[in-house]
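Labels for the chains are A, B, C, D, E and F, by order of writing; each one numbers its residues from 1.
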Amino acid sequence: MSDVGVSEVRCPACEGDVEIDSSTRQFEIVECPDCRSELEVIGLSPMTLALAPEVDEDWGE
Amino acid sequence: MSDVGVSEVRCPACEGDVEIDSSTRQFEIVECPDCRSELEVIGLSPMTLALAPEVDEDWGE
Amino acid sequence: MAADRLRVAVFGASGYVGGELLRLLLGHPQVEIAAATSTRYAGRPVGTVHPNLRGLTGLRFRSPEEMGGFDVVFLAAELQTAIKVGADLAKRNECLIDLSPAYRLRDPAVFERYYGTAHTAPELLGSFVSGHPEDNRAALRTARLVSVPGCMVIATLIALRPFAADDLVDGDVIVDCRIGSSGSGAAAERLNLHAERSGALRVFAPHGHRHEAEVCQASGLAVRMTATGVEAVRGAQVVCHVPLRRPLSEVEIRRLYRDAYADEPFVRVIAQRRGLYRLPEPKILIGSNFCDVGFSVTPDGRRVVAVAALDNLMKGSAGTGVQCLNIRMGWPERLGLAFAGLHPI
Amino acid sequence: MAADRLRVAVFGASGYVGGELLRLLLGHPQVEIAAATSTRYAGRPVGTVHPNLRGLTGLRFRSPEEMGGFDVVFLAAELQTAIKVGADLAKRNECLIDLSPAYRLRDPAVFERYYGTAHTAPELLGSFVSGHPEDNRAALRTARLVSVPGCMVIATLIALRPFAADDLVDGDVIVDCRIGSSGSGAAAERLNLHAERSGALRVFAPHGHRHEAEVCQASGLAVRMTATGVEAVRGAQVVCHVPLRRPLSEVEIRRLYRDAYADEPFVRVIAQRRGLYRLPEPKILIGSNFCDVGFSVTPDGRRVVAVAALDNLMKGSAGTGVQCLNIRMGWPERLGLAFAGLHPI
Amino acid sequence: MAADRLRVAVFGASGYVGGELLRLLLGHPQVEIAAATSTRYAGRPVGTVHPNLRGLTGLRFRSPEEMGGFDVVFLAAELQTAIKVGADLAKRNECLIDLSPAYRLRDPAVFERYYGTAHTAPELLGSFVSGHPEDNRAALRTARLVSVPGCMVIATLIALRPFAADDLVDGDVIVDCRIGSSGSGAAAERLNLHAERSGALRVFAPHGHRHEAEVCQASGLAVRMTATGVEAVRGAQVVCHVPLRRPLSEVEIRRLYRDAYADEPFVRVIAQRRGLYRLPEPKILIGSNFCDVGFSVTPDGRRVVAVAALDNLMKGSAGTGVQCLNIRMGWPERLGLAFAGLHPI
Amino acid sequence: MAADRLRVAVFGASGYVGGELLRLLLGHPQVEIAAATSTRYAGRPVGTVHPNLRGLTGLRFRSPEEMGGFDVVFLAAELQTAIKVGADLAKRNECLIDLSPAYRLRDPAVFERYYGTAHTAPELLGSFVSGHPEDNRAALRTARLVSVPGCMVIATLIALRPFAADDLVDGDVIVDCRIGSSGSGAAAERLNLHAERSGALRVFAPHGHRHEAEVCQASGLAVRMTATGVEAVRGAQVVCHVPLRRPLSEVEIRRLYRDAYADEPFVRVIAQRRGLYRLPEPKILIGSNFCDVGFSVTPDGRRVVAVAALDNLMKGSAGTGVQCLNIRMGWPERLGLAFAGLHPI
């Protein structure tokens, strides 16, 4: 895979590295590969991420 | 693994090849790697195998 | 990654067959995964769906549009999607290996009879080579379009081939298929809810299973198939009741199987008189690309019960897909497919 | 306990069938368990072996010597023991209900062919009445010696009876049996080690299963049986491939089944076009005394796939044993046998 | 059906708890099922959803509107529906037995903390009597509104009660819960797909499980709960790590348990030094209304590991619901609840 | 086979750990299996016991006498045999990697306390290097005698290490272990009969499990271990309740784990907020050498629930054994251990 046009941003939830494509647009949702939080792109320069509003996925019994 | 002192004999049940060690003695039991019959060495020269008496292993329900 | 690796794409990579393809291709020394598609998970790491791949790759799903220019595309979508995108993928890529039922049957009328709907791209039906190495390895060496048979079809054909080839069968062959829940893919409904599917012996196709048509087409035999969902995630087994034209002894039948599969890298003849695993069982094949095949003949030599087992996501689909790729590229057939299977399991 | 309760003994009470008998008899309003034998556990509370019975009874195992004077003895030992003690138990007690294969076959030659050894009490073979209520309820009303058929036999006979009765079958019937691990009893070896038996699809009898002889004897049909051990503790299912002499419609076949079983308290006809449980499955029958039976017929009406399911320790043995007792005593047949089965499970 | 039978309705009868209620009530000699609701299956026979009930009843689901005038209504809907309909059902029927979490907690603030949302009928929270017979049988005799605790709560309270009652605990109690897939009901999604849920050891609540709040409220202990989904359809087990204020011997602890549960019809103390089932296990309780409880104490007498097991759909919900009904009506507590559980299983 | 391959022997090759070693070593590019011992199966092909190896090797078991002159011997016998033969194997071979519990504890008194019997070769206890790469890789590079920790020990140490290393723990750590049936080996009895062990939640060690001693020795922490046999053949999981000396945030803990395992080839940190596999589960690790580790911390930051999972026959024994070999020989650590694990499964 090519690594062109990718920047790394820190996940606000877990401080993991999140790769962001250069084609990414504002308000897009990306997923942190570490803690799997959904992150919203709230700024482009500098690239800024925020935790997306949590839709509580049911995981219980 | 070394292949020294190994001869191949035909399994009387399934015609598969059974390797017999040169150290094998008369009346020893060997197992056919194909049909897994138990075979008794009944002659050494030439090497001769016979089906060992079958102890009916239970396999049912 | 080496620049000279083959650039391969997986269409439908978020499904169970697609995930298995990703796993195999990530471990394959000659290929690079250039794209893995999903409509639902586009943008997310592949480990989101396939937890076994976490930490092994940075690969993300992308959406399935504009899939052109790849050396090979594996098509692992469900039937209707596969029919819809097949022609385009075939045109825009060097090679297409389809895992779906879309291009397996040659006759549109048979397709309609078994699938209950007309094929919308009948013109393509003749252009795919059957991805069944044990039968037509030669054709696969140069094939541009490959259609891998269904998992129960592969098992059945391997079980029946020695008899079909020599015209030894007299009458209908009854084939009892058993399959784990992954056989219905990741998209299933209440049908596959754990509390309902658990411990099942669900005779979901008492007769007329779609795979029947494939087996009849490929073997020329009159096959009657019954399929049962059993308690397992992976694994398929077929038990075939074969009436013989003339009596055969155990030794003769063993010789038929040996001759048929002596040089096959992924077929083992298993027919033992002792031990716990006398006939093929899928559980010890989970993750492996083997199809084990065995048999037992009645004392009068008139009927054979032939049994074959495989992992439906490996030799039953993704594994055979990669085997076809290896053949096509002239690579050793076992490349990336050497996992032995586990015991105990 | 009421003085007028029937005094019942269970010979072989530490086994799986014996334990099920204890459970049923403890819940039966008309009987008292007067003895429960075990050689290995003599002197210990029955809950030592059967943990479900802890707290329900003070009953202890006793050794199997001198078993005389009971109203009814259930014989739940394995074959050789049952053959050895049968005559004595028959003589010294009012009534004997045997669950073992010892007295099911009438012809000593057939016994020897299927069991590989001569029967040592052939003179008894003719004196037992078959404990198959669906077939000979009348005879059971007065029977002193009862021999309950094998679990897969009961299922198969219930599946095939409508066709056998009307001479509708043309040729061999292939019966594919699937059974859980409790089918081999509590005495098993490495064969039944969890790590080996788990997830099994063990075709342990590709042909010539002993139950085949029983079905042939009872039905007059040419039946070919294949048996597979599946992932389950309890439960048996048979899938029967029935070639018909003349075409029958779904409606006609349904009528055959309805007519055959309309008044049977423990047979349900299950053949649905919708839903998750269209054909009989053993899992929802665990603990119940039902045998569910269903079918599907090919479009040309020439072949029926008939399916039956039951709990091998209930309708397949102990449950039918108690049903025979109820019939013999003139009690309502469902007494002590009303448990419905569970869902989900 | 006898005119003098109690007229009972099940709200949410197509779910797993609802189905279990139907099964129990159909076998209950004193009640008649007057209504069984479902929005999705209104008009269909109950056997459509619960295959074990086929052939046992002609009952059909009806839609849940206008549910008034019954002697007793069992409420087996999920949380939000239960909150919505609770007040109305309470008003329009003689007696309401709720199985949902809607009215278990007394403090709306605690509810909001654990459920992440404010309770929309907080005024009802105080009016329900806890349906936990082992704790407050007396109150249940006259209760009009009953709220049955959660399945893991019932097990935990039974395990901890002897220590809580005597103020023997020193510090946090760690409770490790294990539960089968039926615990999430019939409405689940990909989460409970067989291929994903199979063989799971899913630590779905590492801490802060909702049942924690209930246990703390009822026992006054500081309990920390962890919950894991395990490979099973039915069954729940709790393993409680109890630090003691002062050392206790095995004999003393056994006496505590005996004293607490000597007269309880559905609690058995299981703590053996030998055998295969030394501590409580859910599998032999499937279908039964027992909660087995046992323990082991460290050599220094400072820590107890207490274990309890039950069937989540029986003693963990529907079974306790019917037990509450029996208490309320002054009937024998075991009426309709006598099934012993199975072995082997 | 290349003359320069390492000549390796497996002592106890017919067992479950031994079979896994055979599988791994057959697929290892740098070694040759020079001997595989079994007393029961001497002379027979290894595929007789391990059906997954059929067709892959002509290797036969030999009897365990005169085991000298090998480059490396893996010792995979049960405890007493391992104690008996350890000294001799150590003397007569270049390198010994022991998988048994024989040489894990350093203090003979602790051994006696936990194993209930005195160690008969206490002089050897100090001479083995612990085969736990995550802790002492350096020592393994030159070790001649290696003792691999128990499977639940490896998982627990990996889960607890970040806290132990930084002295962050305040008080007892409660560790709840869950393990599949292969954990008791192939020699087991009625205990492991399928019908009894199936669906088990068997709390076989409520406290004082032998692995507890190992964890305490290696970590310096006060660990309380409870072990439960669960429905699985392979797989182990530990859930650790860790009280913290000072509050830590999720981010801080994640950093501790990342720092600890960033360079470890077989440890993955899995702690997700979404998805079906948020915390480590053994099933997706079957056949792989990964130990997945994850955690969740209470809102107040005072307690961590740390979870680790692995395949007991891989990372829990044979896999770590081969990893130690790779380290010892200076080979890449993942050699022969690259299998990713399966999904779905």
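Throughout what follows, a residue touches a chain if its C-beta (ideal position, glycine included) is under 8 Å from a C-beta of that chain, and two chains touch if they have at least 3 such contacts.
On a predicted model such as this, the values are computed, not experimentally measured, just so you know.
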- [ ] Compute the shortest path length in steps from chain B to chain F over the network of touching chains.
- [x] 1
Open item on the list: If I compare contact pairs by residue number, which of C-F, C-E or C-D overlaps with E-F on over half of them?
Closed with: C-D
- [ ] Compare the CA centroid of chain D with every other chain's and tell me the farthest one.
- [x] A
Task: Contact-richer chain pair (by C-beta pairs counted) among A-C and A-F - done: A-F
- [ ] Note whether the interface between chain C and chain E is symmetric in residue numbering, meaning over half of all numbers used appear on both sides, and answer same or different.
- [x] same
- [ ] List the centre-to-centre spacing of chain D and chain E in whole Å, with centres computed as mean CA coordinates.
- [x] 35
TODO: Quick one: report the Å distance separating chain D from chain F, using the average Cα coordinate of each chain.
DONE: 45
Open item on the list: Report the inter-centroid distance (CA atoms only) between chain B and chain D in whole Å.
Closed with: 41
Open item on the list: If a residue has to touch 2 or more other chains to count, which residues of chain F qualify?
Closed with: 16, 48, 182, 186, 190, 195-196, 198-199, 233, 275-278, 281, 344-345
Task: Residues of chain A engaged with two or more neighbouring chains - done: 31, 36, 59
Open item on the list: For the complex, give me every residue of chain F touching chain D.
Closed with: 16, 180-182, 186, 188, 190, 192-199, 233
Open item on the list: Looking at the complex, which residues from chain D come into contact with chain E?
Closed with: 16, 19, 23, 26-27, 48, 50-56, 182, 186, 233-234, 268, 270, 275-277, 281, 284-288, 290, 338-345
Task: Residue numbers on chain F that touch chain B, as the complex places them - done: 1, 32-34, 43-45, 47-48, 58-59
Open item on the list: Going by the contact rule set out above, which residues of chain F touch chain E in the complex?
Closed with: 174, 176, 178, 190-191, 195-196, 198-204, 206-208, 224, 226, 228, 230-232, 235, 237, 239, 241, 276-279, 281-283, 295-296, 298-299, 303, 305, 307, 309, 344-345
Task: Interfacial residue positions of chain B with respect to chain F in the complex - done: 1, 19, 28-31, 33, 36
